[in-house]
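Naming follows writing order (A, B, C and D), and every chain is counted from residue 1.
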């Protein structure tokens, strides 16, 4: 069974686990006030020379999202988000649990467009005080659909937020994949465009950990209070520092993402050639193929993956590669896709007969 | 200026204000523990002979909705609602402020359909524990669009809720209008179909007040605690009792609603005859007409009403009648609509000339 | 049965109910955007010539408190309050339900002292970010114990709040009673000392209604959003305007409070003379007497009042007068106290015999 | 500099880090649905043969507390807790942020007594629905003061909770220390007494992690939903399983705690012999000594520890040992205490002279 189920199915890169073992017996101050955390912060800041952010580390992504939004929004303020956005669909109402409405807008290949941001803002002016005030825009980059925002798209979102006095918040759970997908921007640009963003470790080679990067000066003060209140302040905080030292000291963060993207793209290319319809063309490490029942069964017996959605008569499967995916796994995956694509079409009568035969056994 | 802006623009029916004056100097226990409240509860219960509900009074509708949902939902549970539902669109995130997600579904003429309830429920099973659990369905009857649920629609919603172990909650801010729109069901039926519902006084002849009717036995205990916590327990609670005595002792509740419906329907019929497109055919006291710029200006100078939406090139206006609307107002309204429909079409050149002329004065 | 149970047991002064009847058929904009509301605001502002507050009206006191605190505090911020403070003891956790901790400190005759404010603030510095940040001080004036803050006490609280960058919030549910208790300050002074305060109508002659007076410029914006979200925006908002026109147009607010205070003080003086121990010396319309079992029974048969607390072997009863209390009621109350104070002491053996006799009947 | 600052200042026992390295390249299902998590649960359940709990793992203690309380309480329900309880004092209002009031009661050596539980419960009956309903009791064992509940105390709390229909919730962040302090009860007993409790890994040899043990059948369903919503569901959940396998497979959990206790108790005994007053007699790995300014300075230059409180003229310091404390550290600590206790008393005049001399330099 080869593994294409997700990008958080194995531990971490050797650098990190080795580092953890190495410092295991050292004594460190708790709650992120140690020197490893400081070093990790400096490493990340060195990638954003034009910015002067506050950086905090937190264990998980849902935690990061809810803590940031709770921190930056007043009670009556809301966050605009694609309907496919992680906070809207797969975090069990974590943002609403902090008291804030999510204004979900139709996604465009998993992305939020400035038009919808503006529309939601203008709509809220129709009945001032009777509707929530859209104050933040949440985007995921790479998106939950494997797509990536272009420079133009990000600048446009940045501009509309600026104009409407809203914050732009990027969930970077898979930001590595976005940055290594061939885009013409870097962390330094993102720090310029986003008021807050996260850099995800969990899905890109670390055991856990998201870096929360706060650029907007109004949003910096008192963040640690909200971090603690939300249960996000790790006692042995240096463990988070170690994850990001491991990712950024020798650019493993970029190498892991590049490797993951390459694996998935190679499979996607092969799939297209084999005639599998794509649910959406991905640029990163998550790809979405449309398969039929027979193909599903064939692949399921050989590959660990997720069914994403039932779509008319076909099934959308998601294949995810990671820093841990091997060349062999990619090769096997392509072979299985090839085999599945050339299965003899089932004769419904035959199927029924087989079924009956089994029943009579 | 005649008034068709809303159904809460004047005080209350004489019976109520007279009753208030009459008992003004009596001493009463506070917080709804007085005899007027008890009497009002008995009057309402007499309309639902097959039910044995708990009934509480509260001043306003947003308060009623947030208190009910906070009371009946566990933290991870969500409420399904039409995108046009009041809690989703015009209550400034009051439900989310209590920590709960609203699962908005596309409305069908302002209504929720069982298909969407089931779809949302099934979707939540795709990723158990990673998505909120749909546990309640919120419907407004009459809806925010002036439409009314049929007996079949309510039974179907009741059944799907029963099957999926969800609560059905009806916001009856305009329930009087629904009941008097010619439907073949009564309060007694509603008490059978809905686990909780409200009976709105504010928009149907009272100064304020909603009755919260709790039918599901699991939802009855401790409601007064949540009522107090949400700030909804009125000190001089008998005032709420008086409103509902005024509405139900001699059936003013029904008469007011019937009158309001008749007024609006007469105008809607006239508008259709005059060729005004309807945004949606209403059965109750709120009607929605499509007008052009010229018509809008003409009407605006003579009638107090609200612009509901800008829709392509036309403007949707909302006209609302109430217990307080007079025959004269209805007649004038129809005359104005007639006049507006036969305005000479403006010649753009003329308009420009007039404009220049004015400027040169 | 004479009534000394509370100060919200009857309707309202005639001016208000008459005004309500008078304007009952007028058409008004909803949600506090009407001219009566404007007029009421101007009347109140005329009492605070040195201030330029924003003023909003809301139906009830718990609602006022939770809405203000939700509006002025960030998630990690807390409010310091006397342990006897209404928000801490009798609002069913309404403030905590908005997410904020109440830092209760020992009361000094129902009051908060600057020493405790400072102590709580300094304590929070011991473990920065691991403890809530005290950001507001809540005081009730008059207090729940009938006592009143002096000018010096208020100035001292104002100064410590200023120094520690905290907001001073006064719950004025019984502010009239405080102002008419012989203090050397006015609403104008209070507006100078308090960042936010309320002026209570419910307990001083109105049917309902609290005015929320916001002085601190940072706290003014967007208040109506939080008001709506908390369910505190009354549809027929002019009704709240009418209450405060009735209270302030001809100074009924002051007259009602003066009358209530005089009634209670006369009873308190008589009680002291009769030898009843006071639980706390009151300056306003709520008095607290210590009685024994026999006295309790005697009074209970004749007077409607509340038992406040069981205190060692005695019972503390609360007697509350109001704008509605009559001279006759005061006279009777004093007579009953006199009679109760001279009851023949019960012979315990007799009591037991009587009890047995009854049982054998 | 020797380390007695806390019990979470180093990584973890070798067994755990080795296990983590060993399984680092395996593929595992996420979110706690892996076999390591199952194994860890079975190991823990084997210590409670008479119970049949649901067990969940979570990264941190504050997270555990807020998630449990949010899960078990209805909006109007509150938790009784010692004023020194961690949730009341050092979690930045995390519980209140979920909407619930903490009813803090005076601690008795860091403990909650049944008398106060009953008192708070009875108080809440004085004004039903106007006060929160005490529904849970939170205790820490060992307490924040290093003390331990006896079997009798726990049985008494269990009984009062049963009688009053309340849940007993034990925060076991330092439960190992309690169990190894010589008490006559085990995890199996605790599972019988507590409706929910936690078993802390972070402070007893693991990198992180608390096991949440749910015994009351009503509290088991849907816990994973609240876990996810609160941000407490770790993506690579097997890491938590590994921590508890490491702690329970060969009873490291008990050995670590025993070792830590022994170290601290040895120091406490020495301190008493040397004449240091104790702030509170500890039975576990946290001890609290009273020192003077001179002693503080002397110790501070040699030992990493925390100042707990300023108490009259003396300073309370907290010394904490752990699984990681060495015999050498204990010996040094005792030597330093000995030296500090025999410092020549400072001559105030000398101090002043020295000070002036320095100033004139």
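By definition in this document, a residue touches a chain if its C-beta (ideal position, glycine included) is under 8 Å from a C-beta of that chain, and two chains touch if they have at least 3 such contacts.
Quantities reported herein were computed from a predicted structural model and do not represent experimental measurements.
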{"item": "Homomeric contact chain A-chain D: same or different residue positions, threshold half", "value": "same"}
{"item": "Most widely separated chain from chain A, with each centre as the mean of CA atoms", "value": "C"}
{"item": "Between chain C and chain D, centroid-to-centroid distance (C-alpha), Å", "value": "41"}
{"item": "Between chain D and chain A, distance of the C-alpha-averaged centres to the nearest whole Å", "value": "35"}
{"item": "Averaged-CA centre spacing for the pair chain D and chain B, given as whole angstrom", "value": "52"}
{"item": "Chain D: positions in contact with at least two other chains", "value": "75-76, 91-93, 97-99, 129-130, 132, 225, 228-229, 233"}
{"item": "Graph class of chain-chain contacts, one of line, ring, star, complete, other", "value": "complete"}
{"item": "Chain C residues within the chain B interface of the complex", "value": "3, 5-6, 8-12, 14, 17, 20-21, 23-30, 59-64, 66-67, 91-94, 97, 202-203, 207-208, 225, 228-236, 239, 304, 324"}
{"item": "In the complex with chain D, residue positions of chain B that touch it", "value": "31, 70-71, 74-76, 98-99, 128-130, 132-133, 222, 224-229, 233"}
{"item": "Residues of chain A defined as touching chain B within the complex", "value": "75-76, 78, 89-93, 96-102, 104, 127, 129-132"}
